[in-house]
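Before we start, here is the structure in question, set down as structure tokens.
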Amino acid sequence: MDILTQQLFNGLTIGSVYSLVALGLTLVYGILHIPNFAHGALYMLGAYITLTLMLLWGVHYWIAMAVSVLVVGLLGVIMDRLVFHPLRNAPPIHDKIAAIGILLFLEAFAQLIWGADYRTMETPYGQVIDLFGMTATMQRVLINIGAIVVMILLFLFLKKTYIGSTIIAMAQNREGAHLVGINTNKVAMLTFMISGGLAAIAASLSAPINLVFPGMGHLVILKAFVIIILGGMGSVPGAILGGYILGFTESLGATYLSNDYKDIIAFLMLVVILSIKPKGLFSREGF
Amino acid sequence: MGSLLKKRGWIIGFILAAILFPFVSQNEYFLHILTLAFIWMIAVYGLNLLAGYTGYLSLAHAGFFAIGAYTLGLLTVKAGLNYWIALVLACFLTSAIGAVVGLVALRTREHFFAIYTLCVGYIIYLVIDKWDSLTGGVRGLIGIPAPTSVGPISFQTPLSQYYLILFFLLFTVLVMYRIIHSLTGRTFIAIRNSEDLAQTIGISTMKNKLLVFVISTFFAGLAGALYASFIRFIGPDIGYITIIFDLLTYLLVGGIGTLAGPIVGTFLIVTVSQSLQFLQDYRMLIFGPLLTLLIIFYPRGIVGAYHDWRMKSLAKKKQQLNRKQTYVHTQSTETEKKIKEG
Amino acid sequence: IDNPSNEAASESGNESETGTEAPEVEEGEEVVNIGYSGPLSGPAAYYGERTLNGLTMAVEEINDNGGFEVDGQTYKFNVVALDDKYLPNETAANAKRLLQENQTPIIFSPHSGGIKAMQVFNEKENFLIGAYTSEPDATEAGNELTVRIPPSYDGYLEPFTKYAMENHGEKLAALPTASQYGKDWTEALVPYWKEQGGEVVYNSSIDFSKDTDFFTLVTNALKEEPDVLFIGGPSEPTAKVAKQARELGFEGGFIVMDQAKLDEMKSVTGSYEDLEGSVGVTPLINSDYPGTAEFVEKYKEEHGQNPGSEAGYHYVAMYTFMEAMKAAGSVDDPEAIRAHMQEGLDALPEDKQVYTIEEIGENGGFTTNLRIAAVEDGGVVTINVE
Amino acid sequence: MLELSRVSVDYGGFTAVEQVDITVEEGELVVLLGSNGAGKSTIFNAISGLQKTSSGTILFEETPIQGAAPDKIVQSGIVQCAEDRKLFPQMTVRENLIMGAYIHRRKRKQVNRSLEEVLELFPILHEKRENAAGSLSGGQQQMLAIGRALMSKPKLMLLDEPSIGLAPLIVEQMFEVIQKINQDGTTVLLAEQNAFAALKIANRGYVFESGSIVVQGSSEELLANDTVRRAYIGA
Amino acid sequence: MLIETKKLTKTFGGLVAVNEVDFTIEKGKINAIIGPNGAGKSTFFNLLSGSYSPTSGRIFYKGKDITKLPPNKIARLGVARTFQTTNLFEQSTVLDNVIVGHRLRTESNLLDAVLRTKRFKREEEKCRDKAMEVLDFVGLTHVRDQLAVSITQEEKKRVAFALALATDPEIVFLDEPTAGINPGETEGLADLMEKMVEQQITVCLIEHKMKMIMALADKIMVLNYGEKIAEGTAEEIMNNQAVIEAYLGGDASA
């Protein structure tokens, strides 16, 4: 087993998960300027909903995931309507605190419904396969393929469709969007919907290789913030690239530098990059 | 700004209440909670000067709080230094590290600054967590002494610690008050409003921002050092992100960029979260939405809401006065209009 | 066992009991408040709940049986539980509150930070700490009013090492949790392993609260092809590590740090197959102390799941404190209660001995008989320790 | 076509527009004159739905539109070209224009045709079509804003001070463009400080002062009115 | 000669916004810069005030090279400016807005503020007096206690003037000071500029309002596509064919 290729694959897998989470975050952060700390909670709920459907009604993994995407997307919409919409004229720090309030609530809520314990998600893709000398489970291959497909679809959506460009337009001038006849409320809801859906996909894909528990969102949210800043706020390619950079840094850093300090490496990297390029790697905002 | 000045009476009221409280109630638990709240308030004031008056939201302040706490802890426990010397050194070391961080961090702006400092804070936390040989790692640092006596005054009892920390809080408020109500304070506000404009009226923005950053880390360090000698045990979790979120919550609920905000917000949230204790596991179920609602309905915090309310009632009075005058005015324009049209 | 703040604990879907209802007090009876401060919200909530469950079960039993008598006076217990979110300063505040408002002679806390924060003032303010931590400092610092409940882990080193070396080989890779407990364990195990002629080919740790995926670390640990993998932490992520090691082709055995329980790990891996060749502590449900079976039964009935050791230990400890109160002839003199703990242990009825605790050490630590177990041929077998 | 009756708008406690009546007939070019803070933009925002009215009715083609969402109003055929332009700064000029045709997004061909027309109308935009809107100078941005408004093929166009900050040559062109737009069949409601130039191309005008209309009449009447001349034309 | 630029150039990516401009500003005069939109006028101001650093070329102030100085140092030398969009501290009163303008002429630091030293008190007083003085100068004494949000556009422009004047400048750069102001009010602002010159303050402004410029300016420079196409007195400019073609259009007298 070649350790380097194996670790590259591992890095790719983690990077895929990071990228998916970061994408949802970057949409909401970059477009609606809401630093949604509750995004981690959406991620957590995505995993729980898929899991519950599979356990309770024996729904197939993919169908469960699809339902989860819808439900979490809707939850994102509700969050927007109830909390962020009323706050749209407040400075971003307010969104931050409100999001923390939501996060606390959703975690307590998950604990109430599902208990505080760890759960495991079994998928039909547990088999171990040998991939060019690397060991992987089908699930891991799936994470990588799934992530890439989702990213391509999202990119096409934003770049090639009118509805997609309304999202971008609104990011740049909300009132301007009004003036050309865009219903900005709908766009905001759409953005939250997509963001929640992406979180659910990320969680449903990655839960089988980890565990499901109320605090699972913490694992990724902080890193997702690092990624979107690294990649330039609101930049879709930036979030993807940032996710993979972080994934590889972690897997290779843990292997060749230090396992204990690998998190510091990732954060230091961001600090260094921002010190040199104060506006992130993709300094031009937008797409 | 004018309305800020009027808050003097408010502050004197607070001071009196705080000084008299132990005479009214001997409840040690209340005393403990209040003392702890005072410590948070000091840290929140540091954050307020930076975020509220220059507009730079630092998420690294839990880290600086921890640096202050650990410096005091290590200097007293491991180096056996006198408490007061350690306290001074803790504050200055925190500010020194703050200066270095600020020098680089302040080149970024807005969201980038927030996330940059979030990362710095996290790195500080990780270093404390991983640097076993110095900080004791996850195990933490025990046996931190209480403040040593100054002449005849000893700080062993909870009551004396209460007054000591209250003293530091009042010192903080005084310093803040004087900074805010000075040219220096105006300079900071100018930076918050527009850095470009501030520069063209001759203000060196970098120098001033750095100054604010250093002062604010100084107070974070002071709060941390006091925390260490009050709880007398510290672990890496005091540098964790949750602490900065708590501090921010206190600040926002109270009212960012106001002088009384830190006191009001901290006091309110600490008491609310203590009184929700009976809910145990589910207190976040209530506290979370409560926090969110507060932010939605009082976006400028409690103090800000009070100001707005005052302004409004003042404006109403003014309008009532004006209306009488404008009535006369409109009448005359109306006749004029007729003339013009006619 | 100390479960550090950054690690969530495991399982269960039912709502938790937090604190007993105030007991029904009849004429002439008095109530003794028992304090508890632990994580009841946030990532470690489940761990907190389980410790509290053990406590409340004991207290409810005692109250249902009409309370207990000290010096001719009948008393009932009332547990007052407060959430501290795993933060030491909150524990300190809670303790102050419990003392002020409930005059609790004993306060339980299941994490070392909180315990240390209370130790600053517990002697002066005169209350006993029911310390659920295996951190040696908790008792070694010489606090006179601390009772350390769980056993220390030194006893496991020898039997674990022996079993693993005999059955699997001499190359060890260590990859336990990054908590202090995991580090302490590693610091004890690694030298011992080498002393016994073994080789340590990898030594690192996993931070379950920060690592999204363990594959990277497991890959690194298996790089040198070890015979034995030392793992540990909360049961579920530990099981995940074991499973991923198998996926990556590891065929050796596991030494499972005592924080993880084999039975709980099985619910993650699905069967014992992946855990074949593991050595660890005997799960409470597979233990055969005199009172275990009854306790397990009762716990299942109340909470719909198997109890873990933290519940069991709290249960025993509560009974022991009660017996010590009787022996001391006082319910509110912590010093006297502490002084009579040994008598309390001796007086503990057989059917309450979920664990048999032989004695309380000089410094206040309980000493328990160790039982270890291994997974062989798809099942748990108990291994005798000399 | 457009009829405002007794419309008032409040900002908090302050009444910016009070009991205003305005009518615009189809095909007309009507100008709102008034000094700064008179309430012209406020009226425009109220018509566009960006600002809530506190009382009064706004009828567009006989249907009340006060309180309707801004996007609905655009769909019904009113488009505003705002004072501060409200462009999408990081989008290119072309993308901005295309967004302008958002309500016609399903008619690709028509959108492309409008795009060509607009680029023809403003050659400078053609030149800069791949540049980000934010990098244009003030005047160029103003043209882009008008161009973007034209892209939605409005029945009624609200132009809020289109000449602000423009060079004289461009101002002249701008008014020519407006006149042309009007002649091509778009009804125009124009807010201006440059009263002289505006009245030269307008049919009728209203003069605002502190939130209410003080004078109204045909362009000739207003041009002839001494008070108007003194206050707004400076001649 | 107060300010002199030598081959001043600024490029944004491929675009040359200001192209090798040589310009001189004479003391005590009203200098105007005109030109079509996007000609580079604002950019030129940003270069002079240090907000942008030039791609090439030099800037001299009283013979001293200030090309590389940051804006705050340039301000200290006596160069003040306003922005094209009025940029005030909206939540403060007019007076508070202006007080800080004199900050650069004070020495007192944080310690003075905390200890309330004599110097602090003296300088605090000095800034306040200065603010009152300039507010009086621009004619805004009556609104000095109102919040900046609540005053009219024209008053805002005056506050911006006052803020610039509070820095004790020798020269002020005004970027379209009368944009969005009606003719009546424009005259008032023009008078104010003349009053400034009387006070020995050199004025340099960008404007599109030709009538005002022609009446006011002693010297006019015309920029087009970043290049200087003409320079001279109002009369010279009015009759310059290149300027008429590029900028004024046929109806120049309107």
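Order of writing sets the chain letters: A, B, C, D and E. Residues in each chain are counted from 1.
Here is the rule we use: a residue touches a chain if its C-beta (ideal position, glycine included) is under 8 Å from a C-beta of that chain, and two chains touch if they have at least 3 such contacts.
The structure presented is a predicted model; accordingly, all values stated were derived computationally and were not measured.
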Centroid-based (C-alpha) most distant chain relative to subunit E: C
Pair exhibiting more inter-chain C-beta contacts, D-E or A-B: A-B
Intercentroid distance (Cα basis), subunit D paired with subunit A, Å: 42
Chain centre separation (subunit C, subunit E; CA means) in Å: 73
CA centroid of subunit B to CA centroid of subunit C, Å: 39
Computed distance of Cα centres, subunit E from subunit A, in Å: 48
Touching two or more other chains - residues of subunit A: 107-108, 111-112, 260, 263
Junction residues of subunit C, two or more chains touched: 41-42, 45, 49, 178
For subunit D, residues contacting two or more additional chains: none
Complex contacts: residues of subunit C adjacent to subunit A: 8-15, 41-43, 45-47, 49, 178, 204-205, 207, 209-217, 219-220, 223, 234-237, 240, 244, 247-249, 267-268, 270
Sites on subunit E touched by subunit D in the complex: 12, 15, 34-39, 42, 84, 152-154, 176, 179-187, 208, 210, 246-249, 251-252, 254
Sites on subunit B touched by subunit C in the complex: 27-33, 36, 132, 137-140, 142-143, 227, 231-235, 237-238, 274, 277, 280-284
Complex contact set, residues of subunit A against subunit B: 29, 35, 83, 86-87, 90, 92-94, 96-98, 100-109, 111-112, 222, 225-226, 229, 233, 260-261, 263-264, 267-268, 270-271, 274-275, 278-280
Residue ranges of subunit D in contact with subunit E within the complex: 35-37, 124, 135-140, 142, 161, 164-173, 193, 195-197, 230-234
